[in-house]
Amino acid sequence: MKETIRCAVLGLGRLGYWHAENLATRIKGAQLVCVADPLDGQAEKVAGELGVKQWTKDPSFVFNNPDIEAVIIATPTSTHAEMIKEAAQNGKHVFVEKPLTQHIEEADEVIATIQKHHVMCQVGFMRRFDSAYAEAKRRILAGDIGQSLYFKGVSRDPGSPPPEFIKNSGGIFLDMAIHDYDIARFLMGAEIESVSSQGSILLNTFMEEYKDVDQALTYITFDSGAAGDIESSRNASYGYDIRGEVVGTEGTLVIGSLKYHDVQILTTNGSTHDIVPAFPQRFQDSYLHEMTHFIDCLRKGEKPSVTEMDGKIALEIATAAKKSFETGNRIFLTQVQYGSAQIFK
Amino acid sequence: MKETIRCAVLGLGRLGYWHAENLATRIKGAQLVCVADPLDGQAEKVAGELGVKQWTKDPSFVFNNPDIEAVIIATPTSTHAEMIKEAAQNGKHVFVEKPLTQHIEEADEVIATIQKHHVMCQVGFMRRFDSAYAEAKRRILAGDIGQSLYFKGVSRDPGSPPPEFIKNSGGIFLDMAIHDYDIARFLMGAEIESVSSQGSILLNTFMEEYKDVDQALTYITFDSGAAGDIESSRNASYGYDIRGEVVGTEGTLVIGSLKYHDVQILTTNGSTHDIVPAFPQRFQDSYLHEMTHFIDCLRKGEKPSVTEMDGKIALEIATAAKKSFETGNRIFLTQVQYGSAQIFK
Amino acid sequence: MKETIRCAVLGLGRLGYWHAENLATRIKGAQLVCVADPLDGQAEKVAGELGVKQWTKDPSFVFNNPDIEAVIIATPTSTHAEMIKEAAQNGKHVFVEKPLTQHIEEADEVIATIQKHHVMCQVGFMRRFDSAYAEAKRRILAGDIGQSLYFKGVSRDPGSPPPEFIKNSGGIFLDMAIHDYDIARFLMGAEIESVSSQGSILLNTFMEEYKDVDQALTYITFDSGAAGDIESSRNASYGYDIRGEVVGTEGTLVIGSLKYHDVQILTTNGSTHDIVPAFPQRFQDSYLHEMTHFIDCLRKGEKPSVTEMDGKIALEIATAAKKSFETGNRIFLTQVQYGSAQIFK
Amino acid sequence: MKETIRCAVLGLGRLGYWHAENLATRIKGAQLVCVADPLDGQAEKVAGELGVKQWTKDPSFVFNNPDIEAVIIATPTSTHAEMIKEAAQNGKHVFVEKPLTQHIEEADEVIATIQKHHVMCQVGFMRRFDSAYAEAKRRILAGDIGQSLYFKGVSRDPGSPPPEFIKNSGGIFLDMAIHDYDIARFLMGAEIESVSSQGSILLNTFMEEYKDVDQALTYITFDSGAAGDIESSRNASYGYDIRGEVVGTEGTLVIGSLKYHDVQILTTNGSTHDIVPAFPQRFQDSYLHEMTHFIDCLRKGEKPSVTEMDGKIALEIATAAKKSFETGNRIFLTQVQYGSAQIFK
């Protein structure tokens, strides 16, 4: 096993900063040697805070540094394909935020490059590393609810991101529901065969301009014969509401209570606990665990449990769901598989 | 206010028997004077148990009895239309189990007859009388969650009824989801404008023969601009699972905890409470409350809060949902309104 | 089995009225033939509301009425002993509100009279008839938590009764904790051997005048070797808070969630459910069930499950707890058993 | 602010190891330079695992090392006094596991030495650093429950430690209830004025030999006029059960749900979540947070929020509680304050 993995983080927005902080201070076996961000002074500032020796505005500085073994890509989605390919061509392992890329063709190119250069790639589906989802998976595999019949997912954001984000987000199916498509595959142990989507604008009228909606519903069927539904919403004024459920032949399994602090206050207004306000509070540990997994895999030379192929499949499902919403038709996944039939078998 | 309402119950299956028992022993102002059932000896047996003076196998005996002011119809759905019309023509007020009728044309005739003879009619949507749903309505009207944006309903039976029941049930949309369509209108304070349905057979393969499914999903939009989804399932091995949720601009409201006895047992296996096993345990009080409401309305000469029009609208929604499932298309409700445009405004 | 039990209610305060209402309208086999209350016009008013044919201000009118088989005594505690004895001497069965009497000597006389005249007596420990406590008992007997080791009870009133009530209440141990002493015996299936009490005035300073406290704690040991503690409080501003717990060798069992309506409201203030506000909402069904049990027992000629002996034992425990609080000493129950050693074996 | 604090851990049992691991891998600003343990090979093994450069079997090696600024004392309680004094005399700051010492006289000496040598001392009351307790404190200070009236604590271990541990533990009041005495002071913002204790052996008969019990109850009064009770138990077969409650004039605040993973499984056996099995799972984060606080304080030159004085007060309360149990008397805290009257005012 390798002692240390020498890493660089590309993109120092909120997520990039967390990854950098985790690598610098909380993950045994990781060494953060460089941080990069195009914004004036941002990389230098973060480097100072975290005690990182090198910083740059230029990604190619990272790619050309033979000392760096792995890159964490937290740049805008539109740059993912290029970044991953450059990294792979320079022999660097890749951790990339979801979605893998914005278009399926790009995903195919990315996958080909990764495979050609024999680097490893992990995609940032952090929910798989949340203790509740991981325990759910364990209980399902242990047979505690029998055979899995139905997946039910709810993801609600406490509000919509601003128009400029929505504009480049790829829409609610690619930006948000994609987490549920991945976790549905993970928990059901089956592949999604068809999707059928609906959506509405309930509050954020500006979305009409971008042909996006703030409330969506996806009905899914699996190749195992199971089915499911996924609600995606930007309208949860009350907090960050992520729920999952798997109904089996012998029981059902429900994930998530929305409770934040384990404190209950009872007054004449009733009995109240506070609610997880946003995703950092809900998934903080998951971000640490997924990065720890990435580093551990690199140290041991093992393949991560969630790879570029999972990234591509989730992208295909999301793309199909978007098309279903636009056309009003149910979409079978084989219709959108560009030369990747092997993935589903 | 009238002292007493003299009633008869038609049909003494499980629900009919409960109605009879409630009328005979728990509802002030009700007098159960006759029970009727075609099955040999059934009416006499029930009459004996409940101290009812008259019993019969023949509904016309009830309709022709000038002493009877109100009839409770708990006979098979296929007979509802005829029973209600006969009752109305004989000047008797009507309580009828859901669905009002099996076909929309019948519903129109029934409504015309009721209106012509100036009798009152209440349909058995008992959920409206459940303390949790009633409190939810009160809290929504009080503005506690702001404007209502999204309705989410889940109804899961602990297993499928037998094939002979499914055969005549009208299918999952008319037999089961109809409760959610009604409660969605009730809680959202808005009319359903469109439905879009999906369904699968997950466990009960015999359903294929009857073109029915054991798992359905309906996406709904309201004339208020709101939307929603309703899951209907026959596959909840673990118990009777009825949930409701209304997401508003300032919060969300969740109905139902599935807890049966208020006892928590903690062992090395975890912390466990028991689950409501089936609908009698969940809605026993609602059946009493709806019947008390019916009798109170008759005593005071007031219109019940849920009438034949609510029965017809729910039937229209369910019929449209079934059609959407069969065709794969989204159905706008105006397409299926046979001469009842006035209902929706 | 007798068809009907002819009853009278003595004392038409809140509890007496409920008992009368339950007997008149909700209990099969009960016939309420008379109501009595010393207050001008009260008995007549209640008789009118409930359709009762006889009413009186004079209890002896009830005792001398040979037509009455059973009396429900809901008069002030100080009159219980006299009322029960008169009823028994006239051959009438007795339901009496807790406590049985205010003094142990009275209890002995009352028990002797009841036994001499061969009437039945049930004491109003209604918690035993609550569905949660009854289920708890069933689960304990089923062995779900192994051998019972520790009882934990909490009873909190939403506020103190007024000084005039406290003055004649017998104090927090006799008026309030007595419910927990009884339910502790019921759930643990063992007798209390010793009590050790503490108390404080936390809010209601007027209690000092009556040598009472608004917050008490009783440590108890059982003849089975088990132990327990009971908190009694008048200071639960937030609602009516009744909890019970039995810790066993293989698990623990917790009773009571304080939830009132099964509705959860989530806003930016958190996730809230309402709380049972006071004892009517919490124990309404229990009052009906205990009275139904009383009538059923009389109809079948069976002994009620909670009798005058349970009333006396609870009184002994409460009296000992009060003495422990006053002296600062632990009291062993045999010290206060005035000639009733047989009860504990 | 200092860049780094150079630390050594004395005693590498379970807790000592955690502290070492946290210092070595998770706390920014800490540098673990030495580990010490008398057991053959233990210090060397831990040093290897955590990449620590120095190890020893001899504490004096640590005390004499001028390079070490702070020591973490996780040795047996009987050695605490000597260890702290040696550390202080050598100018080293001290983090010491609870209890501070086993005897009050020792505590006085320790405090005098600490103060004389101007070092800082933090005692390991880690519950104060648990997110639920910290949030509870915040909500109480924010006035959310009004004035604090009553503290209720429950601490239950999943089983008794072995006889050899019990023998040297100081008994249930000093070993276990001491956490609740400290947290009661913390949450109530008041000092404990009197204690009155009871106890029983419910399961572990061997405790008789050591005059210890496996179930204890302490009634406490505060100098604010408030009161409270604390249950301590070794008999919670079902898991590790830590609860806290503060009743205020305007509400009550309940800490702790015992839920471990946020997963609910519903089968025909009911709805189940798993339970925190033992203290590592419950307080893992608290151990990290308390040590982070210690290091942060040393870096900033600030006094920790929980010091040797808190350690001594908790010891006094526990000692009084033990005496109350032994004598059957209520003990007022001033009776046991050996020259430390200044603490309580």
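Letters are used for the chains, namely A, B, C and D, taken in the order the chains are written, and counting of residues starts over at 1 for each.
What we mean here is this: a residue touches a chain if its C-beta (ideal position, glycine included) is under 8 Å from a C-beta of that chain, and two chains touch if they have at least 3 such contacts.
For each chain, UniProt lists the protein as follows: A, B, C, D = Myo-inositol 2-dehydrogenase.
These numbers were taken from a predicted model, which means no experiment stands behind them.
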Contact-richer chain pair [A-D vs B-D]:
A-D
Greatest Cα-centroid separation from subunit C (Myo-inositol 2-dehydrogenase): which chain?
A
CA centroid of subunit A (Myo-inositol 2-dehydrogenase) to CA centroid of subunit B (Myo-inositol 2-dehydrogenase), Å
43
Inter-centroid spacing, subunit D (Myo-inositol 2-dehydrogenase) versus subunit A (Myo-inositol 2-dehydrogenase) (mean Cα positions, whole Å):
40
Roughly how far is subunit B (Myo-inositol 2-dehydrogenase) from subunit D (Myo-inositol 2-dehydrogenase), going centre to centre by Cα mean, in whole Å?
58
Residue ranges of subunit D (Myo-inositol 2-dehydrogenase) touching at least 2 other chains are 237-238, 241, 250-252, 259, 265-268, 274
Per the touch rule, the subunit D (Myo-inositol 2-dehydrogenase) residues reaching subunit C (Myo-inositol 2-dehydrogenase) in their complex are 146, 149-150, 152, 156, 196, 198, 200, 202-203, 215, 217, 219, 221, 225-227, 229, 231, 233, 235-238, 241, 247-252, 328-330
Which of the residues in subunit D (Myo-inositol 2-dehydrogenase) end up touching subunit B (Myo-inositol 2-dehydrogenase) in this complex?
237-239, 241, 258-259, 265-275
Can you name the residues of subunit A (Myo-inositol 2-dehydrogenase) that touch subunit D (Myo-inositol 2-dehydrogenase) in the complex?
25-26, 28, 131-132, 135-136, 139, 144-145, 250-257, 259, 261-268, 274
